[in-house]
Amino acid sequence: MNNILVIMADGVLFASWLFLVAVGLTLIYGVMRILNIAHGSLYTIGAYTGAVFVIAYCQKSNWLPGSYLVLLGAAILAGLILGTIMERGVLRWFYGKEVVLQLLSTYAIFLILEDVYKLVFGVKPYYAYKPLLGAGNFIIGGVNYPRYYLILFFMAVLAGILLWLFINKTRFGKLVLAVIHDPEISLAMGIKIDRVYIVAFSLGAILAALGGAFTAPMIAVVPGLAVEVIVISFAVVIIGGLGSFVGAGLGALIVGLVRSFAVHYVPALELFTVYFVMAAVLLIRPQGLFPTKEVRKI
Amino acid sequence: MNRTSQQTTLIVLLGFMVVLGFILPDWMRYLFTVALCKAFVVLGIVILLRAGLVSFGHALFFAAAAYSVAFSANLWGIREALVLIILGVLASLALAAIIGLLVAGYREIFFAMLTLAFSMAFFGVLVKAYKFTGGTDGLHIPSPTILGLQFSPEISSIAKYFLTLFCLLIVVYLINRLVNSPFGYTLRAVKENEIRVSYMGCSVRKAVYLAFLISGGLAGLGGSLITFDVGHIDPYLSYWTTSGEFVFVALLSGTGNVFACLGGSVFVEFIKTYAFKYAPYTWQMVLGGIMLVVILFSPGGLWALYENLRRRMKMGGKKFDAIT
Amino acid sequence: MPLLEVKDLSMHFDAIVAADNLNVTVDAGEVVGIIGPNGAGKTTFLNLVTGYLKPQKGRIMLMGKDIVGLRPHEITAMGVARSFQMPQLFLELTVLENILVALATGSSRSLHSWRPLKNKERINEAHEILDRLGLDEMHNRLAGEIPEGDRKLLDVAMAFALKPKLLFMDEPTSGVSTEDKFQVMDRLMNVLNQSEVTTVFIEHDMSVVRRYAKRVLVFNEGKVMADGHPEAILKKETQSIQGVEIKCCK
């Protein structure tokens, strides 16, 4: 019984991390129909800026909640700046071009940023454990969990709710929905698609950076984080159905739970659980659990 | 290019390559051989590109072949290069046959990302199964015999070069046939209009699957051959950066010409060697930068740029779109 | 046995009824015109019969075999070809290559053939088809560069090159100017009659249907409102189908 509780807790905590990291990818795809391979790079810049800022902050102050605000601020700053550069500097030249070219353009950005990070931040790992260790532990089913995980959980839920409110309850969100539904008609109705794209991309970028920044205290921030993040995010997002927010949440939950079962019962397979779940879902439902339907008219 | 001029080019090129095999200094011949081995994978990627598909995970098949060569050599003591090549290609074909079932129904981003995901999973297996694969340390492969002959180290390098060249010659011929066959055109047709292809009575899925098999097999051939040359393999053969380089060379060379891929491969291998030496941590950046420029201004690769220029000169400045 | 027999075919898109218990029979050698207002379910009928859409109810028998659930490529391989309202061409191949590809895939399962696409016999055959349709002078141009009307013709030519037993054409003259319409149709029908292909075509213009079809089906709201000789149908103008007629003939 305790065991199940621990597995569930593990699964949900991991799922909240997955959701936080992946939801930006599905947002950008849903609105712009571009799969941003550089999503992992945005995550990485979040992790680096988060780590650098927190390390600097912790040398000056011991007030723990402040370090979370620093992480938050670092993520928003990093995501906004890099996201804008990516979208305005590169991606917009590829709007309306072949999908394959759009895909390659984000891949190229990803390649470039991999080296840029090495040149800017060096190859030595950054450690920013303070926000994690300072918060202490709590106990579920006799197992110690860092309280920090709760913050991650809280962040994921908050991100989900805010995103939902933004899309469904604000005027701008309605424009976003219109563009998701039919870009051509939206354009004809006078919606400034470019502006919707900028906002959606920045938002997705900030979410990715947020994922990175709040992960930073739990890991050694080193070069090469990006590729795993993009592959895992993609897996989560296609399990749920590319472009669907609910799908991203469900995908994260499924992968999270399956992984924690694997960790407890077949640890050797932990690394591959994401791929297994993805392959299984795709075999049964090729468009994911919440597909966005498209039939080409002929 | 018409037929005769293509044949002349081929003969001149072949003669040139044969001469190179004898006169090049060892380190250069080594680089050349490595580049040619990678050209197989690039050709495989180009076949998929012609059907409008990008694979970000072809290093998977490259590495799978290399590891099965290593296993065959180390565990079963097989030394004959030709047998090892066949085993390597079979291994990557088998993997492509399985993965192909899953990816053949997908296009564009799905295809690209799924291939990437599979290669990452494979990389994970290679690193984790260190009992068999030696983990990140990799495996050592003894120098093979070629047609039963064991060469001394100096001659061996020349022999391996010619073995690679020989395989390449066969492959270039076969690809040329393929490109001009109905199937070759069907792939181009798939890229342009799948609906029409299926309304011609042709299963798009089957065509993509077949292309994936061929391309996986080519990557396997390259992967088998490269083990002889480098003598040591590690999981990074299957890493996404390796796949990225293949895609880069394929894009740079374009899908229009087989020889462009060979040239592109050799060119990139040499640049890379110097880049690693003189400017570490800039290689991916250079790749990405050039890639952006190429896809923005000449999506058909540098070869298309050249063809365009040639046509434009012929037509007196009339504008043509790039052939992609 | 009829060539094509459609029984109780139904298809709804949410609230829209695209096919409502359709019953249609086409015999070998017939030339059938389908007419009806926009949204009457004409193209949906084609999409259903050729496997692009799967019907929610009903049977489609092709030469006595039930083909519901088969994919377009399987149905095409059984000898059914179609052209499209919006031409579906390979825009970056030349006009000739478009036909060659169709000839190659249509004649055999030559997906696995090693022979070059461009062999002499096939090229001659392609030229002949293009010539009969009056497209041969542009055989070297890219399909993406030729005028819209010619693209429509090429689209039909590709379907024809498959040597089908049953050919569907979705508004073959929709991109063609009114004055050229009959000329284009003449050429088209000439070729089709010579090779004795059973033809079903969708057309908005009753005068075209009247001239080329020996039988016409009037579609409205997913139903066949009338079925018979064009003249007979025109005579019944005053009756229930009148509303439909006026809408589609203006």
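By letter and in written order, the chains are A, B and C; residue numbering begins at 1 in each of them.
Simple rule for what comes next: a contact is a pair of C-beta atoms (placed from the backbone, for glycine too) under 8 Å apart; a residue touches a chain by one contact, two chains touch by 3 or more.
Since the structure is predicted, the reported quantities are computational estimates derived from the model, not experimental observations.
Placing every chain at the mean of its C-alpha atoms, the farthest one from chain A is found to be C. Chain B has the C-alpha centroid lying closest to the overall centroid of all protein C-alpha atoms shown. Centre-to-centre spacing of chain A and chain C amounts to 48 Å, using the average Cα coordinate of each chain.
Rounded to whole angstrom, the centroid-to-centroid distance between chain A and chain B, based on C-alpha atoms, equals 33 Å. Between chain B and chain C the centroid-to-centroid distance comes to 43 Å (mean Cα coordinates, whole Å).
Counting partners per residue, chain C has 52, 84, 88 as the residues that reach two or more other chains. Looking at chain A, residues 298 sit in touch with two or more other chains.
For chain B, residues that reach two or more other chains under the stated contact definition are 195, 324.
If you check the complex, the residues on chain B that touch chain A are 52-54, 56, 102, 105-106, 108-110, 112-114, 116-118, 120-121, 124-125, 128, 195, 240, 244, 247, 251, 281-285, 287-289, 291-292, 295-296, 299, 324. Chain B contributes residues 177, 180-186, 188-189, 192-193, 195-204, 206-207, 210, 323-324 to its touches with chain C in the complex. For chain C in complex with chain B, the residues that touch the partner chain are 50, 52, 71-74, 76-77, 81-82, 84, 88-93, 97, 100-102, 104-106, 110-118, 158-159, 162. Across the complex, chain A meets chain B through its residues 35, 37, 90, 93-94, 98-101, 103-105, 107-116, 118-119, 123, 227-228, 231, 234-235, 238, 242, 268, 271-272, 275, 278-279, 282-283, 286, 296, 298.
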